[in-house]
Every structure is written in C-alpha cells, then in structure tokens.
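Quick notes on the structure that follows.
Every chain is named by a letter (A, B, C and D) in the order it is written, and numbering of its residues begins at 1.
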Amino acid sequence: AVFVTQASAAGTVSYNGLAITPQMGWDNWNAFGCNVDEELLLNTAQKMVDYGLRDLGYYYVILDDCWSNGRTANGTLQANATKFPNGMPYVADQLHSMGLGFGMYSSAGKYTCAGYAASLGMEKQDAQTFADWGVDYLKYDNCYNEGQEGTALVSYNRYKAMSDALNATGRPILYSMCQWGQDNPWDWAQTIANSWRMSGDVYDSFDRPDSRCPCTTYDCTLPGFHCSVMNILNKAAPILNKAQPGAWNDLDMLEVGNGAMTDDEYKTHFSMWAIAKSPLIMGTDVTAMTPQTLSIYSNPAIIAINQDPLGTPATRVWLSPAQPQNETYSTDSYTVGEASFWTGQLASGDYVAAFVNGASSPTTLSASMSDIFIDLLTTGSNAPVPQISQTWDVYDLWANRMSNATAQAIIMGNYTLPTNASSMSNSTSTMPVQTYNATAMSYADGLAANETALFGLKTAELMPGGTVQAQVPAHGVVVYRLRSQGGGAGMRKRDEL
Amino acid sequence: AVFVTQASAAGTVSYNGLAITPQMGWDNWNAFGCNVDEELLLNTAQKMVDYGLRDLGYYYVILDDCWSNGRTANGTLQANATKFPNGMPYVADQLHSMGLGFGMYSSAGKYTCAGYAASLGMEKQDAQTFADWGVDYLKYDNCYNEGQEGTALVSYNRYKAMSDALNATGRPILYSMCQWGQDNPWDWAQTIANSWRMSGDVYDSFDRPDSRCPCTTYDCTLPGFHCSVMNILNKAAPILNKAQPGAWNDLDMLEVGNGAMTDDEYKTHFSMWAIAKSPLIMGTDVTAMTPQTLSIYSNPAIIAINQDPLGTPATRVWLSPAQPQNETYSTDSYTVGEASFWTGQLASGDYVAAFVNGASSPTTLSASMSDIFIDLLTTGSNAPVPQISQTWDVYDLWANRMSNATAQAIIMGNYTLPTNASSMSNSTSTMPVQTYNATAMSYADGLAANETALFGLKTAELMPGGTVQAQVPAHGVVVYRLRSQGGGAGMRKRDEL
Amino acid sequence: AVFVTQASAAGTVSYNGLAITPQMGWDNWNAFGCNVDEELLLNTAQKMVDYGLRDLGYYYVILDDCWSNGRTANGTLQANATKFPNGMPYVADQLHSMGLGFGMYSSAGKYTCAGYAASLGMEKQDAQTFADWGVDYLKYDNCYNEGQEGTALVSYNRYKAMSDALNATGRPILYSMCQWGQDNPWDWAQTIANSWRMSGDVYDSFDRPDSRCPCTTYDCTLPGFHCSVMNILNKAAPILNKAQPGAWNDLDMLEVGNGAMTDDEYKTHFSMWAIAKSPLIMGTDVTAMTPQTLSIYSNPAIIAINQDPLGTPATRVWLSPAQPQNETYSTDSYTVGEASFWTGQLASGDYVAAFVNGASSPTTLSASMSDIFIDLLTTGSNAPVPQISQTWDVYDLWANRMSNATAQAIIMGNYTLPTNASSMSNSTSTMPVQTYNATAMSYADGLAANETALFGLKTAELMPGGTVQAQVPAHGVVVYRLRSQGGGAGMRKRDEL
Amino acid sequence: AVFVTQASAAGTVSYNGLAITPQMGWDNWNAFGCNVDEELLLNTAQKMVDYGLRDLGYYYVILDDCWSNGRTANGTLQANATKFPNGMPYVADQLHSMGLGFGMYSSAGKYTCAGYAASLGMEKQDAQTFADWGVDYLKYDNCYNEGQEGTALVSYNRYKAMSDALNATGRPILYSMCQWGQDNPWDWAQTIANSWRMSGDVYDSFDRPDSRCPCTTYDCTLPGFHCSVMNILNKAAPILNKAQPGAWNDLDMLEVGNGAMTDDEYKTHFSMWAIAKSPLIMGTDVTAMTPQTLSIYSNPAIIAINQDPLGTPATRVWLSPAQPQNETYSTDSYTVGEASFWTGQLASGDYVAAFVNGASSPTTLSASMSDIFIDLLTTGSNAPVPQISQTWDVYDLWANRMSNATAQAIIMGNYTLPTNASSMSNSTSTMPVQTYNATAMSYADGLAANETALFGLKTAELMPGGTVQAQVPAHGVVVYRLRSQGGGAGMRKRDEL
C-alpha cells in the first residue's frame, strides 16, 4: 500500500493522502433515509453531473444505511438484491464512469443504526469487500457499539481497526468517522481518519432546541440527534482548529433544500459549514432541487473558502449573547439570538470574515481590524502586524449568487455549462454566471489565477483602522473575503493540536 | 438455544425475541420491600387474574429482593424455606397455571441491595438455577458491584455476562437490567437486554426534590434513589428514542396506588410511563387496591399506547419552564411547575399527544399542528407533510375511565369480566365498560379491529391548521389519540441510536 | 482468618466484623500535623482515659503521617527511632493496657502525603508489619498514587489490595479509606472497608470558601483540602444513605476545639457529624482542652445518636437557600446562609430531628410532621403511618450539656468519673452530670435501659399534626430526639445502595 | 544512574533531584514558533548572558518544535541540517560553554504538534539520543497521542515511559510535561516529572475570552489554546498547592514583551507566575527586548519569591467577583474584572502578599491580618498565632524596578553587570541597581544574607491588627513581601497532595 504519512518536514499531510481539502459530495440519508436503491444513486449522480455540481467539487455519491442483505455463508457482506439488482460493483462502475466517487456506509458496532449487519470485529473482511466493490469512501457509524465507548482509548482502538483494514486493502478509501464526537475524536482522529463527526445528527432546523439533542456545548455525554444548525455551530467553535489538511471536523451533512428553513437560514448553514472546513455533503433530493437550493449549493465563492489550500478553519472571534431586553436586537421564538463574528486566514493572505445574526430581526453588525486580525495581534511575536495598516478590498461572497432564472435554466437543461473555469466566469452575458468548473481548474489554481467566480463582488474597501460593517438579515449571514491591496500575510504559528 | 437476533432485514427485533412491546406485570418492592413470601405472590397473582389485570397484559409476577437463604454447599442459590416452604419451582408452576410469568431478582454484585447472595461471578450457575426453577424474567440489580462501574465497557461486560448465561440456558427469560442508568446503558444495552433502568429508584412523590436523588438530568454520576415522577420523566426525555422493540428504557416500577400522590398525579405517572414505552410494572398492594387505583391500572386506552406495535416512544416537543412571576401559571410548593407537550407516532398512523401540567393550579395548554407534527416537518425529506392538511379525530384517552362503581364491583367479585375483547367493549350496558382482554385479542389486533375500549372517547376534531387544546388539572395530564380522517402516515426516518 | 461476611440473612453486617457503629477515637493530624512522637500519643491516651473520653467510646488512638523512617534492608517499614524510641509494639502495648486501640497510617501510593515510604505495591508486607506491631486500625491515604485513579475499578483494586492484605493477617484491623471521595467510593467500598472519606480534608472553618476546595457538590474531580464544615456537610447529604453498619461515610476528623470556630459552630460540626454517622475522631490537643471543648466531645446524648444500633444516617429533608434579600434571615459574611432540616430513624422507633442555621443571625425554624416522617409517608406501602397520629416527647440533646464547672473539674482531676453507666447519669447532685460510661454499658444497652444521660432534656411534646420549632443561633444547631408516647415504628424499606 | 528519590525523612525532594526551585530559562515558541535555527538559539543565549539574565537564573535555552528532519534509517532522530548545520551536540556545547543548559522538545505522540517525528513508542531510543546530544531539559508535548488520554492511568503510563527512559540514560535531564492538564496531572506527576502544564497554551492577552480556550476552571475536557493570563491564573488557583520542590505546576511560558499587553498587565503576568511557583520561561525575542521588558524579567525581588527555598506556592485568599453595577469598581471590556488577594509563606518566615486588580480602572484593595494569615488561623492547632501580634515591614517588590535608563544601558552594552551579588545591590550610585547575580550567590543564600536587591523597597509597616492596603492599577498587581520585626514563623502543616 502507498499510504505513507508525510510527517518529516512541515506538518502532517493526511494520514492516507486523501481529503487534502474537505470532501464534497452527496449522501442520501437526510432526504431519503432508508429508501435507497441503485436508481436513486444513479439518477442523483446524473443530475450532479448535469447541474454542474460534480464540476463544482461534489465528488462522492454516498450510499447510507439500509443497503444490506446481511452476510453470505462465508461472512461476506452482500447488497439487498432488490434494491441493487446489478450489485455494488456495477454502481461503482457507473459512478466512476460519470467521474464520481462511490461512498459506502457501515458501523463500528454489531449492527448499523437501522439494524443491518455491521463491521465491528469484521473490519478486515468488510474493508476488503468494499475495496473489491470499488468503493472510494466509507462513512463509519457508531450504533450498537457493545459498550466500546466512554474513554478515548477504547473509541480510538475501535475506529483504528477499520482505518488499518482500509489501508491494508491498497485502495485509496476516504475514511469518514461518524462517531458523534464521543470521547473527543478531535484529540486523536487525525492519524486514523479523514474526518470525524463532532456532534449528534443535524436536523432541518436553524435553532429549535430539541429534547433529543440536550447538549449545547462540545463536552457532551449524550450526542443525541435532532441538533439544530446553531446548536452544532456553537459546539464546533471551540474545536474547529483541531482540523488540518486531510483531517476535518465534520459538522454533518447539509440540510439545504429540505424545506424547513428559510433561504437565509440555509445560506447561513451552508456558509458556516464551508468556512468551518466541514465536509460539504449535500443532503437533499438533487433530482427535485429548487433553483434556490441549486444556487446555494453552487456558490463557488463560498466553496472556494471551504476548498482553500491553506486548510485553516475560521475562528469565532466574538459571540454576543442574546439580549431579550434589547429593543434593537431581538431574540427569536426559541429565546435564542446570539450574534457572532468569525474570521479565518486563507492561503493567499486573504481573510474570510463572517457575521451571523441569530436574532429574529435584521441587524447591523460590525467588526474592527482588531477583531479581524486578533490572531495576528496576539501571536506573541511582538512583530508589527502589517495587515493593520493595509487597505483591504471587501468582497461580498453572496452578492453574485446565481439568479433563479439561471438556476432554473440549468435544472431545465436549457443552459450549457462551460467546460473550463475561465470561460464560465467570463461569460459574455452582461450578468456574469457565477459558477465554476473545478474539474477543469482546481480551486487552488483558480484562486491563484484570480478567477472572478471565486471572489463574489467587491462592495467596499476597508481602510487602515477601519471597520467592516454588514446589514445581516434575521437568522442570516454575511460573508466577506478580504484581499489586501498591499498583499502579503503574517506568519501563522502552528496551533497545538 | 433459539435466541437469534434478526438483524438482516429492517432493524433489530429484540436480542432474545422477548419484550416486543414493553413488559407488564407486578413487582412487590414498592409496596412490600423485603416482606416477601409465597403467599404474597400467589395471593397477588390470583387477584391479578380476578381483577382482569392479567388479561390487560400484566403478565409477570416479579419477586424482588430478600427471597434468598444464600447458597447450598455446591454454590446453588436457595430460597428462604420459611418464606417459600414449597420452593421456587412450586411458585413458578402455580403462576404458570394461572397464565402468568414468574419474575426473579438478583444483582450484578457481591450481594443484592438488601445484602443477600448475588450473582457477580456466578452468572452461569445462577442463570441455570433460575431456568431450572421455571423463571421467565430476571430483574438484575447493581448493588455491591465491586467497582465494576464508571466506564461503559466495564458495565457492559458485567451485564453481558448474565445475558449470555441466560441465553445459554435455552429458556426464554426476559432480562431487565436494573443498573440505574450508570455509564449510559441506552448506548449499549439493546443487544444484551430487554430493558434498562435509566435513573435511580422512583418514590411515591410527584415532584418533591430529595437530597438522595441529586441529579436532575440524565448525565448523572450518582443515580441515587427517592427520585420523583417528574424528576425521572425529565431525565428520560433526552433518551426515550433509544428504545426499540425488544429493548426499552425502564423508568422504574409504578407507584400508582401507594397513597402519597393525588389521583391526578397517579394518572400523570401512569400515562407518561405508558407513552414513554416504559415497562408497566404495578408496584402496589393488589390485594388492597382501591377502585381508583384499579381504574388507573386498567385503562386499556392508555395501555394500548404503551403496547402499540410500532414501539416508538413519545417525544417531548416543548418544555415550558416554571414561571413564578406569572399570575396565571403558578409553580407548586417545590418551586417546580413546568408544562410540557409530548407527541409520538403510533403503528396505525395515529398519534399520541399529551399535555403535562406541573403547576399547582389548573391551566389551559395548547399545541399547534407544527408542534404535533414537528418530526415530520423537520425530517429532511422536503416532501409534503400530508398530516398537516388532514382533519384529525381527537380521542381523550381518560374520558372513559372505568367508574368507581364498576371498579368496586370488580374488586368485590360482583362483576364478570368478559372473556373476549369485543364483548367487553361492546357491553350491553348504556355506559360501556372500558376494559379489555388482551389474552383474547392482542392490542395489535384490537387496534386494527378498532376495538372501542382502546380509543377512549372522541371529544373533538382537529382541523387543518388547527390547535389542540386541553384544560389540564394541577399536576395532571391530558392524553389524546389523534386519528386522521384521511388516513395514512408519513415515512419515519430511523433515528440514530 | 475469621473475617466472614454475614450476608445470607438480613443484610451485610461489616465486611470484617468491625465498626458495627461508627468508629470513635482521636487522631493527631488536625492539631499536630507532622509533630508526632510516642509521648504525644501516650499523654493523649492518658487524658482520654482520665477525662472519661475512652469510656464515652473514643477508643482508637490514631497516629497519622510522619512516624516513619523508611524501610529496613528487607523492606520492612520502620518507625523513626527518635520519635518512637521504644518502637511501635511498645506504643501498642501501652495503649492496649489503657483499654485503647492503636491506629496506624499509610498511603495507597508511592509515598505518604508527607513524603514518607508508603504501601502501594507493598500491601502484604506492610499489613503484616502493622499486625505484628499490634495495630488495630489503619488510615490509608491517597497521595502519590501513580495515576491509579480516575475510574472506580482502578481505585477499587488499589484499595482492595490493602483490604485483602489486612484480612490475611488474621488480626482484626479496622480499615479506614482516606481516598477523598474520588471515583465514588460510596458505590463500592462497603465490601472492602469500614469507612471511606467522601471529601477533601476539613479545616477549622464553618463555611469560608477556600480556593483549594473548589467543589461544592459530591461529584468532584478535585477533592482538594481546606473544606469547611458546611461544604462537607452539603457534599455528604446526597450520599449519606450509602452507609450501613460496618461501612461508613467519613466526613473527616473533628476540628472541635481547635480555635477558629465559635462554640455554636463546633456544636453544629459535632452534631451533624454524629447524626450523619460519620466516624467521630477527635482532632484537637486533648491535653490542652478547654472545658467547652470537653463538654462538646462528651455529650452522650449526641454520641448515642451516632452509636445508635440501627446505623441509619439522618437525611436532609429540606435545604432553604440563602436569602440575601430577606431582612429576617440574613446571609453570613461569605454570602452563605442556608437553613436545613434533617431527620433520621433510630433503633428504638425514636427519631432524630435537627435544624441547622447557616445564617449570621439567630432564626426560628420549624418542621411539620410531614417533614419529620417524609420517608414513612412516601415509602410506597400505602399503609397508614401511625407516627403521624402519635404524640411525641421532644428531647433537646444539648440542653443538659455538661457545665463548664464540671468540665473544668474533670480536666483538673477534681471529679471522679463514675464506673458504671447508671451511677453517672443518676448523680446525687441536683444538677445531673451528663456523661456516660459506654465501657460499663454499651450505648445499645443504655438506650434500651433508658439511661437518662442519653436523652438530653425533654422540653416539649409534639402533638398529632403538630410542628417542631426551634430558635437556632447563628451558625448553630438544635438537635432533638423524638420518642413516641405510643411506641412502635414503621417498617423501613431497605434502600438501594 | 544516581537519581534516587529522597523520601525517607521529611517529604519528597524531586524525583530526579532537579528543579528544587522552579526552572527558569527561555523558549523560542511564543515569539518565533517554527522559525528556529542554531543562530536564533546562540544569539539569544549570548544576549541572556550579556543582559545578566543568565545570572538572574534563566538557565535553560529551550528549543521548541520544528527542529527535526525525521529519523535516520536506524530510527535515530536527526536535526534539520539547514537549521542546525553543526548538529545538536554543537549547540549543546556552545550553550554549556556559556553556562547555560540546553532544552529539547518532543511529544508523547505519533507526531509533534507541528507534525514532526515524535517519541511515543520510541522513548528509550529518543531519550538516549537527547542524552548523547548533551540535552539538559525535555519539554514533552501531547499532540497526536493516539487516544492515550482520558483516564489518569493511561496518561500517567504514557508520560512515565519517557520519565523512565530519561532516568535510564544516567544524564540529569529536567523533565517538563506539556500535557495541558488533561487527566489531572497534579494528582500523579510529582513522582515522574519536574513540572506539568495545567492548562492549554497561554496567548498574549490579559483576559480576552477566546473560543478556542472554552474552559474557565481546572476541570476541563478540552484544554484548548489561546488561554489568557487571567484564565490560566483562575484555573491554577485550586491546584497550586499540588506543587512541591522538584515538581511544579507550569502555567506556561511567559508572554512578557510580546506586545499585546500593557506594562501593568505584563507585570501582573510575571508576578503571579512567580508567586504561583510556575517555571519562569521567557517567551519573547531576547535580542529585541525593550527596556521595559528587560526590567520586568530582571526584577530580582519577584524572582526571589519564585526561587524561595520553601517552595510553597501562594494561595488565593479571596476572589471578589466583577461588579458591573458598582460605580467605583468597573469591569473591563470583556465584562471580567475580579479582584483577588493572594498570600504565601516563604522560607524565612516572611510572607508574600499580592493584590490583583482585574478591573479596567485603578482601585484600592486591602487585606486584614485575618486574610494574610488565614492558613495559620485555621490550621487546626489551636495554638496562638504569633504573627497576628507582630509588626511587619512591608516591602513593595516593584518599587525598585530597574529604570528604563539602566535597562537601556544594559541592552546597549553600556553597563557592566556586577560579578557578585553584593556589589550589585550595593551599587555606589545613589539609585541602587536592582539586579542580582544568582550565579555568584544563590537566592537562598542571598535571602539569608538580606541582599537588598531581593527585597524591593520598604514602604510601610503593618501593625498588629492592621491592614495592608494598595492602590492597584487597572489590570495591575501590587506585590508585597512582609517581614516580621519579631521574626519566627508558625508551623506549616503539610498539605495533603
């Protein structure tokens, strides 16, 4: 096997060489649950190609739970023949032929969460089966774990068994731990997996508290499920920096498009997952997408933050608590309502800056240069921070969101997607089409080449000593990319893990 | 042995084939403590038959602690000969001949909680003894556990030892873990047991805080005892969904009839245990029941929720905190007073909806269709939720509670219980007798056959977009079954465990 | 060895047959720390005899840390020859000849807390050494434990090693775990030890918060030290019921007489330790006792609660939070100020009832019969509670506290202590001398014989439906014994451990 | 090897004989991060000598992460040849020739925090490599620990492996655990290490909350990083007493001089680390020090507290919470603002007393003799506390801070540092130069000899029953040394560990 960890020079770069940027793709669970079959996967895959989602980077088509028919006499997992009449290798071949990867699901337990045969104690045989089938990705769940939880070591060993088994097959298989943040995987999963879930399951709600997701902080003895977007985001804030190229915090699959949030809420959800460097796994019915849904998933300026080569998650700089008494900043119907400001450094010396408004009415939020560059100011180097005295172009990354008309045209098959990055973003139409073809030109290359589609719209300049301000809708987000007119970035000290 | 877990198709169905719905029965502890003997068990059993309780589903007669006289020279457990002059097999035979099951007690420790010989390290021998005696049920306690607690794995292994030993006997024995919720059994007990206690012991109080039950949430390092009904219910809310057919959260034995709560409080206790899918184990002196007590234990419309074939616990949709300042909603003498609303899906597409009033004065509570169908609305499927646009019949499940006169007649032996389900609920009397014979017709069949006794009284209709409202007494409950006039139910996504 | 646990009949009775009631004695640490030598122990022992303290039950003279001079070439622990010129066996002989027991100290670690050789890994050899020396008691500390903490099992195994070693010597040695409550010893220590500390070290303060004792509840990851009397009492409340004859919660050694608390505070400290069934280990300089100190340690009516044959700790029935806003009930200088009420059942059907006033000014506290008999009312038996309709004599257990003049006379050697129980309490003086000789007649026998000295002063009658009331000084206590004029007590259900 | 623990007499004295007082030195991380090379170390070392910092006690020059080029074919760690062209032994030799010690860095994980080869599983080989290189000190980090965390025992074993390996080399190597306080190292590290970090990494901020350092108390499941000075100080307060000669709480390296705090904030940071007996490891660019920075690091009166032979950390006597409503005591911009008072006993019978003002405006704080001598008053001895009735000279330890002019002269090389302690502090200039040469005379000897430089300036007398008062700047500190005019100190009881 060729999976050699590169740790001799300047930091580890992925234990198995995969997921150098957060993985992207689609998983059927959020929208379809157990209702899976070959047709669903292949139809979805075709639409991902047709709508340009593949070329935006959504590569893995992940089959979740309920595909199984148990094991054969010799213990080999087998697919349900009704759901997968042509077998799994056929699915893999079809996906591969479309330029997509095939994601598979199992659990580090006696059964999967839906009660099917799972892989605890069968890791080697099952990993080989997956490799034989042509699988490129494994989501590995945590149900029925036979008490093998409660301390880091027992969880580590349980998940390492599959990690070793996958590596031993010789096939590159992205390994996605779905262990719900139990026993602090952000402390130990980087050397055995490409991503780790850090909370219970998301559900299609912006901030409704649910009895089944009782924790509101990362140190949680019951991960639960039915966790809202804001619940997960707040849990993630203290641990986001634990990610690194090849090893990501997974905030769970996206609910964008599933119907129970507003368009602003979905934009917030998508934006914050992206800047947190979470895997971006679409979780809706791609074959029935609305134009609004497509235009959120297809925002290349936001995706470019997620896929930025530096691989540094944003940091929450401040969290302003809900203020029920404040006339001008109202809580929402769940008495929630925090506002927050986030920043993160990007590969080119750019910065991402995001405002989140948790309140039920629009509000104006602002951040000073001390907020934006707080990590440079407190880095300990006592060196001057040149960024403070530079002028920055402020790009609004949602300003050029694809129009409903364009999205609708794409969905209807009436729009020909460009086949290379530059032609797309330099459309001859008066209104440039904000999409991108990462197959033709990687995000790293596109950023280096200043591809317009990756930068939204310049809307302001931030002068030295100035302030960034945004009018943020209720439950909404404003995301800026800041580019220095002077160029150049300060040293970033490697964080302790 | 024939205990094969069925996990190849659509979810696990009980690790040993038992408790497909929550077990029902009687246990002597709450009312009698250590004062046990053959006479108590057999007299109680006879009354359970005579009063129709057996036919309502109360099947197991469970002998709790203090029956033992240690071990024989070869290590076999032996009964106290004074208390059980005819031996345990005799008790089993008698119970079996009455159509009842025999429940036994031991502890996963050096001693039982009362200091008698227990089974830690003796699992195989003791399980065989119980099987030889004709035991059908084992309550397995947690005292004197020799430090084998504190992480999930050590607790799992300790309880699995008895699980394996019971299975190895070849006799079907329902396995009830009494481990007080230590180390999160809801994460790991489904594959080794039929139920697990999730808190310290209940006591006969609705909501009085007791120093010995210090925790108010599920993540508790001291389970304690003397936990009130409301204390346990609040602890249970986040974990109720961990149950499934064959594996239930045990909220502890019922205190209904023991004298320290009001009739409304006992109704709340019984109703909420039932819709939470807790085992329903009567804990009072059956031979001295009041009519009120009998009519609570005998409400077939509530039991039918508990025994519903879908096996899905209700969910707490909202919890309204106590409002001391609110004139119209007063706290009680312990400064408690939350109101809550619960819903749960049933096998037929029906829903259960329950309001709990924790305040010390009556109040009117209401829930919108968004409250009732919140799980459908946020399921992630983006599919239309037909339930929202249907009209629902609202059945009040306590409206047809058996009258005191009837209950008194049953107790006095002046009422002949019907021998089949239909004749009972279609009594020729003007006031239908709301009891049920599940021996003659299972709850599943009775529900399918629309047996009147299982549906309470239709009191209202819920129109599309409408609101369910209830006047709820102090410390009381209102439980509704909602039946769609349109029929049909939405897909329910399998929860992560 | 003869240490057979009796667990076949009606509950365990001490794993090694010792400490059927909480141990009593003296330990040098609180007053002298490391300044130990033979002279201190023997002088103290002589005063314990002279002042009647031995005959009140203070039996063990416990040598704490700093006695050691490491190990001999063959690994045997040896005493510091300067401090103990005649060797440890001599000390034991002298104490035995005075009718006292000899307590020794070691630690389940690499070193004792003061850095001397300790017993982890040397349990067998050291236990044999202690037995050879004639030791009757071992206080076994927790310092330098080499990481063997953090889960119950690792702590249990570490302390069990010495338990087994002591048992193996064949000498009865009371085993006192000084493990500060780590890993919940109240869950597992009953089968290996006679008592377990449940908190960090007490210090001579009633309720001053100290940074080094950061926890205020039992579930504490840093036991700390410098824990105040009220801090420990509040931590103990939820776990007091875990005690049983032979196995006690140890609230730590008494600070009575050490100078930094008021007389009322010391009375509260002593009374609450007594009714909590903590070991009563004097922690002051006996050779320099004030009359006030002697008269607190010598109150036979309070000690009789501690040594009551039933062995049931009192329960905190209610805790009234500090009320800074309340003019009539003021907090103290540390913003503390809770009032609490405690009850406990006694062997004879009597009850102890205690009021604690944590406020900085006197207050009147009262309790209803529902407060006093709450455990009978909620026992689950549905049986009538005869106690509610009885009339009770109310004995104030501090009313007959020994006068300063008498105490001073005892200290000066001017008072001849009686040699049997009855003559003492039936002094011919007009003011009866409230002391007691438990050597002549055990507390159990004295209680059965209605020895006056054990009952304080009858000050009131509690009528059916009535209320007990007390004027309680700032930081003070009032302790009553309630005796039914009707006699007879209700069944007490055995608590789960 | 000669590392014998001395535990037979009066307390342990360092497991390996090192760090009898807290280690002092410099580490490159805070200022330079990964930008390390030979030149940086040797240039810094030279300045440490030139500026008198070596002679003040800053002995270890510690190379942090990023020096490595992986392992040779036989597994031996090797330095990056570009950064260290002459190899590590050369660096060691150079440092040794300057009278300095050489500190090295590795991690108890698969990789170092920056992703280089680390020592988990390679302890023996790596320890020998370090010894062969002439290393005197090892900082041993916690990244990529492969799940070997979560209980004390697994952490203890992991860190003990390197401790044993270092000891086995026969070379005295100070062992500094950088384990961030996980699993309570203050309970178990004293017998295997010389210091242990007790929190996540400090950053250059006085009290700004940072999402990545979410805990505010010592019992933290996510150590995080970017912890402010006040955050760490508050976490440290409950555990400071766990330190002892040879085994220290490490509050992390100093940020003094790095630019993001005010001069008062840096004085507070330095003072509190010193009196807490933290290692004092400079973390700034020594070659670019300002006079203000040099004069803080060079205050011998503060260092003398840190290096006091008694080795007793100060205790926080009280913490006055932030009072937003109080006009006269304002919170700061982060709504923080606690004031606190700290005391600690010193070897000579002196006391240190420190006031910290966390508010954003100056304030007057005061402490009574009961505050200062609280530990003597509550010691349990009931002995009179002579300190209470003595008169104390109050020395302000910052009053004689080196002037900017002098510091600038030292930096410019225009000031000849004295070569023995006495001449320095008895300068012939009118303004005595407050520096010290501990190479010439140890702090212990200097204190005994009443060297002026170690005592700041006498500014007041504290009369019996009097009060110490200080005007404390915003975010500032006042540190006093109290010397009794009567002399003599009370016994100090050894704390439980």
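In this text, a contact is a pair of C-beta atoms (placed from the backbone, for glycine too) under 8 Å apart; a residue touches a chain by one contact, two chains touch by 3 or more.
These figures come from a predicted structure and were not determined experimentally.
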| item | value |
| --- | --- |
| Angle of rotation relating chain A to chain B [CA atoms, steps of 5 degrees] | 90 |
| Cα-centroid distance, chain C relative to chain D, in whole angstrom | 42 |
| Mean-CA-position distance for chain D and chain B (Å) | 59 |
| Residues of chain C whose C-beta touches two or more other chains | 151 |
| Graph class of chain-chain contacts, one of line, ring, star, complete, other | ring |
| Residues of chain A touching chain D in the complex | 7-13, 151-153, 155-157, 160, 183-184, 187-188, 190-191, 217-219, 237-241, 315-317, 319, 374, 377-383, 491, 493-497 |
| Residues of chain C touching chain D in the complex | 29-35, 65-66, 68-70, 110-111, 113-117, 141-151, 154, 180, 200-201, 203-205, 208, 211-214, 221-222, 224-226, 255, 257-260, 283-285, 288 |
